[in-house]
Each structure stands twice: as structure tokens, then as C-alpha cells.
């Protein structure tokens, strides 16, 4: 099979919630290795877009192709297994579990070992890998602490680390810096981008913070009322006063 | 099936449905407001029956005119409702709102166990009989089969209580407050609604439903320890079939269960009990939220 | 002076010491060699729930007798100690409690068990634990017909007696009987009672139609739909073996609905509840004082001292007249005492359980209703049976059993080795 | 999830040695505690996944009636074959019911389980000619390769102990595996599990089957211990008792279920002996206390004692 550089393609993706147009004929293409930022005001359909791609929502119309395969209508679990992972605006963690255990679970799931009920979770090789992952995300100090004891920035990083541990080809991040203090957010993004670049993971991240998108995105999509109103290099797109108005106007 | 038998089945079914509804409507109301499935509901039903029986026997022996016994039944039920409702809600439930579901179920289960024995300690373990209110109303005939008029009273009390609750929720200020608390607790608190008081009041309404159910069924049965256990599970079935937290659902659920049971007794007696739970499983398998229930989705 | 005072004093002192020594060495009731300090007897019956109106009667009678005997010196000087236990609960719970009584409380004899389901469950465990067990009420014929019992005895007739009595009596009242219906509880007692009643009727009056068979949960307490079904069946005779609080409720629910006017109702345990139903009991209901030959007016207390003592003593203790459960309590513990006394007489010392069992086989003992005979072969007692019909009594405030007929045990119980369903087919008018 | 070898060996030693010094009545109660423990383990497993069942008696009764029918129809009562049979019937029943059950959570999971167990109860109760109805079925004494195995004797106790030990090991392996961890994760966050490519339904389904098998084994041992099986084995009160014990012991550790079961059997026996009409009140009071003040149950009390003790010990060595 020929490896296509196209990793994600959506065609006319449409989803309405009653009167609200959460997605309106979205057609987007993302290539292997890209780092794409998505901006837009609250309620412009950014998160809905991620929910559609990962199967949490089913589109009313349109198609989704991941690595050349039609995944429209598949559940999140199946899409995850195809190599698409995501993180969440509000970190989705196992609150009664330790940090290391959480990562081990992602690794076990990735290795297809998640359903085993006889092999222990704490295999030596897996444990080493989990510790290495935590180290890359700067969370080593918390490895043996319950996830509930993590500070907010740490929660965000762990949430992304859990997705990253699935070794995805495409990673979708929903507002990686929301809830992170202004002083910390560039540090968090530096850590993230470094890890992702090292592993050559194609990444789409949703942000309401234009500064972050401008600094880290290679390419930016601007959402408004469920539509993509601009697509291009951050420096060009975000300079557009119309774009600035729609993104900032209603915040 | 001939018309005579059908009439009998419908009457038996209605009779049974009336009792079930009276109990189930309180259960579903409490769930609707507090989001707690109150297992101790059955014990309140039992307490209502005991209190009403004891009080009626006591007053009849003191020379109370028998036609006043209906008011005594109601009084007994109200006493129990007003004692158990606020005390269970304030002393126990208040501490576990928002806890895991199993904590809530087990807490009310433990209250059931405690109250079940409390009845034995208060009123003894031998059965009590009191049938004056049942005999007093006389009887009527349907399709050649004689029924006690008391059946009408049961259906009447049951329907009135249902209508009263619907009016309370849809037609009064209290109802508006209840609905706003159901929809968003935080906002209601912010708006200055005394949510604690609403919860107490709602739980007390639920307790009253159970106590009235017990009080008015008491003259037709022998009131003895343990008689409440089975009725409770059946009212769970009723509530689940109709949709948790839904008043109309409880009405429809009671009718379905009541008629199904009557049908089974007359046609396939072996299935008398199983049919109720079979219906419950069937309904839940296709509509997990029950016939009238709404689906709740989680946002991420 | 000293002489005069000293002699009577000395005499009195010697008398006192002598009496005291005598009391030590030669008690009035000399206990046989090897006698224990007490005989521990467990009494198990329904003491809570709807069936409690039933169990408490047996309990009061047993307690009354034990008090009386202990005042008279117990069994040859050995006092009886009662351990009372509630039967309410499942057969599984009763089996566990039975083990506790034997293994932990170390009781010598277990008396009781009203529910046939419990009795059928207990018997194998009694055999396993080698404990003398007297079933005082439970009526299923299968207990003594299907099991080879060694440690277990039933001290009264089984249900066949009542079913056959009722069938004969009903046919006498309604010679042109065409149809019957039955409302019975869905377990051994109810099932076997109905089968025997139906069998007896069908044998004695071929061609009778069975219009309805109803099976309710044990002590259900709610019968409105079942009563509808009985009313719709319009049978000449309705048979029911309901008992305890369940029967009271059934009568109260059926009464305003005219069941007693529409059909002749025959209740095999009816004579037990008349005092509880009180003035609501309709006239003309056929009933049995189940498997006893005694009723508190039959034999008449004035003519039978044993009956007089029991009826008066019981009424004084309980405030009710003895019902048939009381008589069966009497039959059971009376049989136990008689068996122990016979065994002591045979061995000359305190007997082992095996020796008591040996003495029990073929024993005949006397109770207020007459003699009870324990068959040696199947450990099944045989005695008279009574049947009658209700008539409200102003004097007592409840319905009495009138027009009583007494049948000797041999006529109403199957012979040894014959099973009830087969035996009822051989009945003759 | 590392096994504390010292705790395991102390508990094992207690369970093996203590009964030798006890009268047969206590051996009987301990046998009951062990088979109850096995059923409670299943309930505790589901509770770890945040799922409460008020219908676990379904599998318990499947086990008891496996013995009941085996004795009634074939006169066969050999424990060596019937214990695995009970596990199998429990597993099969759970595999069927679980197909529906795995879709439900929370109150619905609890209620639907209740409904299924009540259907079995109603069938056992009402189909008299097949099931014996209320009478139940008397199963008598178990045999083991033909030798009688009486309840309350040492051979029966040790057989139960060996089975309980094997099951503890299986459950331990399960809990230490990824599946066991995913089970715990369900109570925390189902969405994250689905977005890890793992199926929550599958986790619940497999756990449910395991729990069903445990219920079946427990039922078989119960039938032989009590000697009689009844429809109430499937009644919701029986299920409620299992949940009660799981909570009493605390469901975070396997040992918690064991402590809960032993404590429950003694509480039940002695409170029903001394306060026959207040033993439910005793149970209810204890449960109320645990829920409101000690939500972790006996296990948590034990752990806090251990940690207090060990920190004291450390303090003394360092200080």
C-alpha cells in the first residue's frame, strides 16, 4: 500500500444541535507531520470538530477519512485503535489511580494487552517505558502519587501523556493550555511540542489563545459558527483584522 | 376470552394498580428531585400501615364511630410521613448527596433494615387485624362478581394523590422551585432558593405517599412483620418501567404491572410474579430510561 | 427445768437434721442414675409474622405444661429447660438454626416445626445429627411416607386425616356435589392437602368437576384477584388449607365478596382462627381442628379432668381458649415425657437417645383429646379426628365448631406402608 | 497491587490452624463465612468498577440449584464435579445476562440485576413440580470421590478453604492485570478508557462473567453446607446481604471481603440468637455507621491501624 501523505481528510462535515450550527460543511485536509492550530470563539465548533473526527459525535452529513480509510460513524474506540488519540479540554484522568498506573494502562492498551486478565499490568519492560514517558513530560516526580494530587498544569500534561502513550499517528489536543497559568503555558507548550516533534506525531490542537497558536502552529484553521473561515500560515491568517474580530470579538 | 373474565381482570388489575401507584409515585417523585432511589420507602409504607392500624383499633375501642376511621387512617399516615420524611432526609440523606450511587442505595437500604425491626419492637411481632373501614362501605357487583366498594376508595385515594402531586409540581410556586432545583442546583442556590428545604419537602411528600399507601391497604390485609418487602421491589419495577423520576410513568407502570399480574393470575398462574420482572427487563432492554424517561448525555 | 426444755429441743433438732439428710439422700422424686441436671428441649414455631398467631399457641401450651411438670418434679426429678426459637424464615435458615441448637446449645430434644417445607428440610439434618426431633404440626404426608426416619417422629396425624374428614363431611352436607375449587398455598402442605382432598372427593363422588386450582405464596396476605377467580369459578365447594394470619386475611377479604354465600367453604385449619376472626366469621363454614381429636369443648371439660385442667390453665395464662395448635404442642411434649418415662422404667437409669427412641415406638400416651398412638414402623402418630361447622356464639364472641363428628384414627389415616394418594383411591362411602 | 506476603501467610495460617481449636459449631460458621466470601468477592469486583448489583443472588441461586437439580434428578452429589459445574453454570448465566447488563450503569445496572434475579426467584417459587417451590430441595450430605463430606466437619471446611484460596489467587491475578485496572478505571472515567481503544462494555462483561462464576461456586458450597436449597437463594434480600458484606469489609482489598464475611456470619448468628427481632437493626446500624463515618469498611480501619502502627514503629527505630 502506498503511504499517503494525507493523514486526515473531511468532506462536507455537518452537525447541528437544534438551531446551533456546530459544524457546517467542513472540508479540511491535514498532511503527515503537520502541526495545525485551530482557533475560534467559544461555541464556534472547535471541540465539535474533534468530537466528530474521533467518533464521539456522528455527523449528519459528510465523510471522514483517516489515512485514506473512511471512518465515518465508527466509535471512538475503533478510531483510537487506528492511531488517532486525543486529549481533553477538561483532563480526563483516572482520579483514584496513581500517575504511573494511568500511563501503564495506556501502554497496555496500545500493546493490545489491555484485555489480559492473567498477565500483570506491572511488567518490567512496560514499567520502564512508562517511567520514560513521564520523564519526557516532566512528570517523573509525581509517578507514584495519585492523579488527584497533580497541579493543574500537571493534569493537562498527564492527560496528553495518556494519549501520547498510545503512540498515535495523529494526536488531537483540546485546549492544551486552558486552565494553565499564563506564566506556565509557554513552558507547557515547549515541553509538548518538543516531545511531539521528537516522535514525529501529526498534531492538531484547538486553542482560544491566539498567541499560542501563532507561536507553535505551522498552520492555522479559524472556526466560526461551525465553518472554516480561514486556513493558512499563522502569521498571514491571524494578521487579518476580520479573523481577529471573529475570534476575539465574542470572547 | 369472554367479556365477563375480561371485566374481572380489568377490575382486579385496577385494584392492584391503585395500590402500586400510591407507593410508586412517591418513590419516583423523590428520585426525580433528589436523584436518590429510596429503598427505605418500603419501610415507610410498613410504618404507615402499622400506625394507621394501631391508631384505628385504639380509637374504635374507645368508641370512635366507625365511619370516622377513614380520617384516622389518613391521620396515622400523615403522622408517619411527617416524622420519617424530614428525619431521614435531614439526618441521613443530607450527608450523601452527590456521593457514589452505591453509597446512596446502601444508605437507604440500611434505613430499611433499621425501620423494619423498629416496627417489630414498637408493635410486636404478631399480626394485627383491623377491617372495619373495609367492611363498612359495602359491596357492588361487576359481571356477577362481587367487589368491595373499598376498592373504589383505594383507586380514589391513589388517583387524588397523583393529581395532587402533578398540581403541586406544575401549578404551584413550590413546583416551580422544585423544577428549577432539578434543572440546576447550583444556579438555584445562587438565586437564593433554599434547596435544603425543597429537598426536605420533596422527600416528605415521597414519605407521605408510602405511608398513605400503607395506611389504606392495611384494612384489607394482616399487618405483620415483613409484609412490605415484596411490595417495595414491585414498586421499583413500576418506577423502572415508567421511567425513573416521571409521574406519568409511574401511573402507566402501575397500570401495566397491575393488569399484567391480574391477567397472569387468571390465565397462567405460574407467571404471576415473574411477569412483572419480565416486563421490566423487556422495557429496560429496549428503553433503558423507561417508557417516559429522558436520556441524559455527558458533555466532554 | 433444763430437762423439760432440753428434750423437745433435742427432738426437734434431730428431726430437722434428719429431714435435711433425708432430703439430700432420698429425694421425693428420686432421679434415676445418670440423670443430667436438666433436659434441654428446643421449641421451634412461628413467633413472628402472619403465622405467629399459630406458633404462639403451641408455645404457650408447651410452656404451660413445662411449668406444671417442673413444679411436680420434671421427668423423674429432672427439670425441663425450654429453648424457644422463631421458625419464621426459609427452610435453609431453619436448617442452620437447627444445627446451632444441636451443635452450640446442645439441646437434647427438638420439638416443633409448623411449616411442612421446614419439616421436610429438617428431617434429614436431624437424622444426620442424630437428634431426637418431634414434629408437632407440619402436615405433609410425605414426611413419614417418603423418608425412613429414625430420630424423627411426628406426634399427630398428617394432612390426609383432615382432607378425608373434610371430604366425607362435605359430601354429607351436599350429597349432590357437582364441582369443587381449591385455594391452597404453593408448598408441600397446600399441594398435598389439595391432592388428598380432591382425590378423596373424586373417589367418593365420581364425576365431580374441578373448577379452579389456586396456588398462593405461603402467608401471602393479599388475595383479591384469587378471590375473584374463586367467585368466577362458582364451585359448590371451595377447599382451602390456608392457615394462620393468611387464613384470617383470606376470610376477611372473601367475606364481603360473598364467597361464603356462594359456595360451601371447607377450611382444614379453620378451627384455629375462629378466635382471631371473631364476630366476622360467617356461619356454615366447614372446619377441622387439624389433626387433633380435641376441641376446647370436646371432650367437655366437666367430664374430662385432663381437659378441664388444660382449658382452664391455658385460658388463665393466655386469655384465649386452647386451639388445636395448643393441643398439638401438648401431644408433642406429652409424648416426649411419656417416652422418657417408659425408657427409664425399662432401663432403670437415665436413657440414651436410642433407648428413648425404642420406647417411643409403639407408645400410647394420653392427652386431653384422648389417646395418641405412635406407630413403630413409620414414626407416624395415629389418633382421633374431629370435624364440624361454624355457628356464631354470643356467649363466647366468636364462632364455635358445632355438629361435631369424631372419627377414629384408623378410618382417616392410611395404613403403614401405603401412600396417601394411593390410599384415598381406595376410600369407600 | 503487590501481595503483602506477610499478611497472606498470617491470614492463611489463621484460617488453617484456628478451626482446629474450635468446636464444630464454629467450624460450621467459618465454612459459611468462606462460601459467602466467594460470592461477595464477585460483588466487590463489580463495586470496584463502580457498579452496584442488587441481583447477585441470581448466580448464587444458579449454584445452589445446580446442586439441587443434580441431587433431585440424578442423585448425584459429588463436590469434586459439582463445584466446577457450579462455576460453569454461573459463568454461562452471567455470559447470557451480561450481554444486556454490560450496557447499563448506576441505578439501572442495580435495578436490572434485581429484575433478573427476581425472575429466577419467581420461577423457582412458582414452578412447583419442577423446583419444589417454597419447599426447596433437600440436598443432603455432599460426597467427595464417594466419601461423605459433612458440613461442620474439618474435611468439608478444608475443601472450602482450598477452593476459596484458589479463587483468591485467580481474583488477585485478575485485579493485578490490565483488565483489573481498567475495571477500577471505569468508576473513574469511562471516556478515557474508550479513548484508549479499550471497550468499557467488554471490561464490565468479562468482570460480570467472572463474578457470576464466583456466585455459582459459592452457591454450590452453600447448598452442601446448609443441606437445603430454596427460592430465597435468589431473592433480593440475599443480594442485599452480599452488598452489605462487601461494604462492611470494604471492597478495595480481597482481604476486606474475607473480613466482612467472617464478621457478618458471627454478627448474624449471635445477634439473631440474642436479639431475634433486632438483628436487622444491628446490621442496618452497622451499615449506617460505616457509610457515614467509615466508608472504607473494615479493610480501611485495618489499614489505618497498620499504618499508625508501622509509623509508630518507624518513629521508634529512627528516634
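We call the chains A, B, C and D, going by the order they appear; numbering starts again at 1 in every chain.
Just so it is clear, contacts are C-beta pairs under 8 Å (C-beta built on N, C-alpha and C of every residue); 3 or more make two chains touch, one makes a residue touch a chain.
Here the structure is a predicted model, which is why all the values come from computation and not from measurement.
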item	value
Central chain (by mean CA position)	D
Most distant chain from chain B, judged by the mean position of its C-alpha atoms	A
More contacts between chains, B-D or B-C	B-D
Interchain centroid distance [CA atoms averaged], chain B/chain C, Å	40
Chain A and chain B: spacing of chain centres that average the CA atoms, whole Å	50
Distance between the centres, which are taken as Cα means, of chain D and chain B, whole angstrom	32
Between chain A and chain C, centroid-to-centroid distance (C-alpha), Å	79
Multi-partner residues of chain D (each touching 2 or more other chains)	125-126, 187, 191, 277
For chain A, residues that touch 2 or more chains besides their own	88, 92
Residue list for chain B, restricted to those that touch at least two other chains	120, 125, 225, 269, 273, 300
Chain D residues within the chain B interface of the complex	47, 50, 52, 54, 100, 103-104, 106-108, 110-112, 114-116, 118-119, 121-123, 125-127, 187, 191, 236-237, 240, 243-244, 247, 277-281, 283-285, 287-288, 291-292, 295
Residue ranges of chain A touching chain D (in the complex, touch as defined)	54, 75-78, 80-81, 85-86, 88, 92-97, 101, 104-106, 108-110, 113-122, 162-163, 166
Footprint of chain C on chain B - complex, ascending	4-5, 8, 11-12, 15-16, 120, 125-127, 129, 131, 134-135, 138-139, 144-148, 151, 220-222, 224-227, 261-262, 265-266, 269, 273
Chain B residues touching chain D - in the complex, by the definition given at the top	37, 92, 95-96, 100-103, 105-107, 109-114, 116-118, 120-121, 125, 225, 229, 233, 236-237, 240, 244, 269-274, 276-278, 280-281, 284-285, 288, 298, 300
List of chain C residues in touch with chain B within their complex	47-50, 52-53, 56, 86, 88, 214-215, 217, 221-222, 224-226, 228-229, 231-232, 245-246, 248-249, 252-253, 255-258, 276, 280
